Amino acid sequence: MEDQMMDGPSTSGRTENDTLFDAPPMAEQERMVEAVLFASAEPVTLRDLEGRMPPGCNPREALEHLRKRYEGRGVRVVRLGEAWAIRTAPDLGFLMQKETTELRKLSRAAIETLAIVAYHQPVTRAEIEEIRGVSVSRGTIDQLLEMNWIRLGRRRMTPGRPVTFVVTPEFLDHFGLESARDLPGLKELRAAGLLENRPPPGSLPLGQGDSDDDEPADEQAELFEE
Amino acid sequence: MEDQMMDGPSTSGRTENDTLFDAPPMAEQERMVEAVLFASAEPVTLRDLEGRMPPGCNPREALEHLRKRYEGRGVRVVRLGEAWAIRTAPDLGFLMQKETTELRKLSRAAIETLAIVAYHQPVTRAEIEEIRGVSVSRGTIDQLLEMNWIRLGRRRMTPGRPVTFVVTPEFLDHFGLESARDLPGLKELRAAGLLENRPPPGSLPLGQGDSDDDEPADEQAELFEE
Amino acid sequence: MAEQTLFSEKDPSVEERLAAEALIVDVDGFEGPLDLLLTLSRTQKVDLRRISVLELAKQYLTFVNRAKELRIELAADYLVMAAWLAFLKSRLLLPPDPEEEGPSGEELAAHLAFQLERLQAMRDAAAKLMARDRLGRDFFARGEEENVARIKTVTYTANLLDLMQAYARIRTKEDFRPFVMDRDSVFTMEEALDRMRHLLGFTGDWTDLISYLPDGWHSDPVKRRSATAATFAASLQLVKEGKAELRQSETFAPIQLRSLDEDE
C-alpha cells in the first residue's frame, strides 16, 4: 500500500509506530482528508478530522491543499459553517436530475400481472384474468406498458382477434434475465421454497413426476401459444 | 453557470443547441463524469452516463482520464464490469470506523457456494452440489440472491434446461473486482484443471439398480453432457 | 489380499483410531462424506495430488466402523460412500480382471482425488475472496449522495424475488381452487335442475326424459352423455323433492317424467 505514495523520502514515516512521533507527510494527510470527506454521510468538522487522523496531523492545512486541488473540477471542497464537504460543481447540477427519482414498489396487482405476462407470454388480457382469478384493471396494464416492461404482441388469431402482451428487453434488463425462458419454473420455485411444497391436485401422477416434461409453467405457457 | 468553465476557447460552444453538433471538450466531459460518480453511492453504468451527458460525449474515454487522475489519491476510480464508481483507497480504511458497516455473517455453505458460482459461472445448482458433495439448501441460494451477489444466468441448453447462476456487479463492487476474470487465483485454478466438470470414469458406480431416485442422476447426467 | 484388508480394518494404527474417534464426536460438523474425506486426507500430510486414495478409503471405512461400534447413527450418504469406497478398495487391491467391465480402480481413485482437490481449491478460493478488501469494511462508497432534487419522478420497481413470489402466489392459489376442466362439453346437474324446474310447469303429461336435453346437446356423443346423466340426476332430485314422478315401462325403455304440481 505504501507504494501508492508519490512524495519523496518522507513516505516511509507512515507506519503505525512512527506516526506517534512523526506526522504523515502533507500529501498523505491530503489523501486522508479526501477519503474521509468522500465517505462521510455528513459534513465533517475539523475536530472530527483531527480525531480520526494520526496524531500530529494538520487537517486544516490538508483541507486547503485539497480545496485547491479540486478547483475547477467536477466537484468542489466546500465549507459549510464549521464543517467541510465535497459537493458537485454548481454548473454541473443538470447532470444530477436523474438521481432524484423516487422508487416505489409495484402494486400487488401489477406485479402479479407482470409475472403472468412473463411466464405465459404471449398472453391476452382474458387469459391474465383467468389465471389471476380476478379482473385486471386498465390502469394496471397501462402502468406496465408505460414502464416499458410489457408491450403489445401479435394479435391472437381467434374470434375477436384479441391483442396479446409480451415482456420487453427493458424488462429482461431490469430483472437481470437473459430471456424470459430463464425464469425458474414451478418446480424450481417450489424447490426454492417460494411455493407450497405440494403438487397441484391431479397434475403429477405419482412415480412419473421427474421426467423432463415436468415443468408445469412451461406447459402452461404452451397452452396459450398459437 | 457557463462562466465557471475554464478550459480555453471551446468552452463557449457548450450551449444547448451547439451540443447537438459539437460535443464538450474532453476535459469538460471528465468533469461531468467526475461529478456523476461522486454523487452516486452505487456504481454508474456507461449507459447511464451516456444518457445523462450531452450528446456526442465519450464517457468511456473520460473515465479513463479520470481514473489516471485519481491514481494514488485518497479515493480511486474503479471499474466494475460495465459500471464505474469512486471508492476510498483500501489503505485508508482505518480512518473510517464511523462508516464501517457490520458485514453480514455468512455460513460456510454460503461462502463456498458463492465462491463456486464466482469461479465456475455460469453454474447450475447440480454442479454446485457435485463440487461440494452435499445438497445446497434453498436458504443458501436465497440468501445470496437476496444480497444481490448472485443472479440467474442463461439456462443450460441441456435436458431439463436447468437455470444457472452468475455473480453480479454488486458482488464485484463488494470485493473490489474489476471483473470476474480478476478473481484471485483464477488462472492457476484453470491451468490446474480444477474449474472443469470432469465426468466420473465410466458409468456411475453408485445407485445402480435404484431408479426411483433418478432425479439427481438425471441432473448429474446433464452436467456431464457439456 | 482379502485377509490383509480385513486385518488392517480391524487393527488400525493408534493414530488412525484416535483420529477417527475425534472425528466421530464431531460428525455433525461435517458437510457430508466428501468433506469428511477431505479432512481425513489431511492426516496424510501430502499434496492432494499425491494422496493415497487406498489409504484414504481405509481411513474412511475405519471411521464408519468405529461409528457403528459406538452406535452412532450415520446419515445414509455416509454409508453409501462407505460401500462405494469398499468397492473401490477391492478394485485397487485385486489384480485387474480382464472380464470385468467399467473403469479401473485407478481411474475411479483418480477421480475421487480430483474431486477432493477441486473442493479444497474452492475452499481456498473462498477464503481468499473473503479476505479481500471489502466494501464497507476496507474501502467505502460515497457517504452523502448528492441530492439536487429538481425533477421528482416516481419510479415503480420490483425485483426478481417479488416477481417469482407473485407468480408462486398465483399458482399456489390455484392449488386450492377446485380442479377446473375444460367445461365445454360438461352439462352440470345444477344446470339441468334449473332447466327442468323451468320446463316442468309447461309439460303436463308424461314426457320422455330425453326431450329435456338442451338444444345442441343431442348429436355429440360426449355432450349427449353428460347432458343425459345430468338430466337424469336432476329428475331424481325433483322426485325426491316431491315435485315430479318418473316411470319406465321395462328395462332400457325410455324414462318418462311428469310434474306432480299439476295434480294438486
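A, B and C label the chains in the order they appear, each numbered from 1.
Heads up, the rule we're going with is that a residue touches a chain if its C-beta (ideal position, glycine included) is under 8 Å from a C-beta of that chain, and two chains touch if they have at least 3 such contacts.
Here the structure is a predicted model, which is why all the values come from computation and not from measurement.
*Asks:* Tell me the shape of the graph of touching chains, choosing from line, ring, star, complete and other.
*Replies:* Complete.
*Asks:* With chain centres set to the mean of the C-alpha atoms, which chain is at the far end from chain A?
*Replies:* Farthest chain from chain A, going by C-alpha centroids: C.
*Asks:* With chain centres defined as C-alpha means, what is the inter-centre distance between chain A and chain C in Å?
*Replies:* Their C-alpha centroids are separated by 33 Å.
*Asks:* Need the CA-centroid distance for the pair chain A / chain B, whole Å please.
*Replies:* Those two chain centres are 12 Å apart.
*Asks:* Send over the residues of chain C in touch with two or more other chains.
*Replies:* 140-143, 145-146, 148, 160
*Asks:* Going by the touch rule set out above, which residues of chain B reach two or more other chains?
*Replies:* 38-40, 86, 88-90, 92, 96, 99, 151-152
*Asks:* State the interface residues of chain B toward chain A in the complex, per the touch definition above.
*Replies:* Within the complex, chain B contacts chain A at residues 1-2, 4-6, 30-36, 38-40, 48, 51-53, 72-75, 86, 88-92, 95-99, 138-139, 141-142, 151-155, 159-161, 163, 168, 214-215, 218.
*Asks:* Flag every residue of chain C that touches chain B in the complex, lowest number first.
*Replies:* Within the complex, chain C contacts chain B at residues 31-35, 77, 80, 84, 87-88, 102-104, 107-108, 110-111, 114-115, 117-119, 121-126, 128-130, 132-143, 145-146, 148, 160-161.
*Asks:* Any idea which chain C residues touch chain A in the complex?
*Replies:* 140-160, 162-175, 177, 179
*Asks:* If you look only at chain B, which of its residues touch chain C in the complex?
*Replies:* So the residues of chain B touching chain C come out as 38-42, 85-90, 92-93, 96, 99-101, 103, 108-109, 111-112, 114-116, 118-119, 131-134, 145-146, 151-152, 173-177, 183-185, 189, 192-194, 198, 200-203, 205-207.
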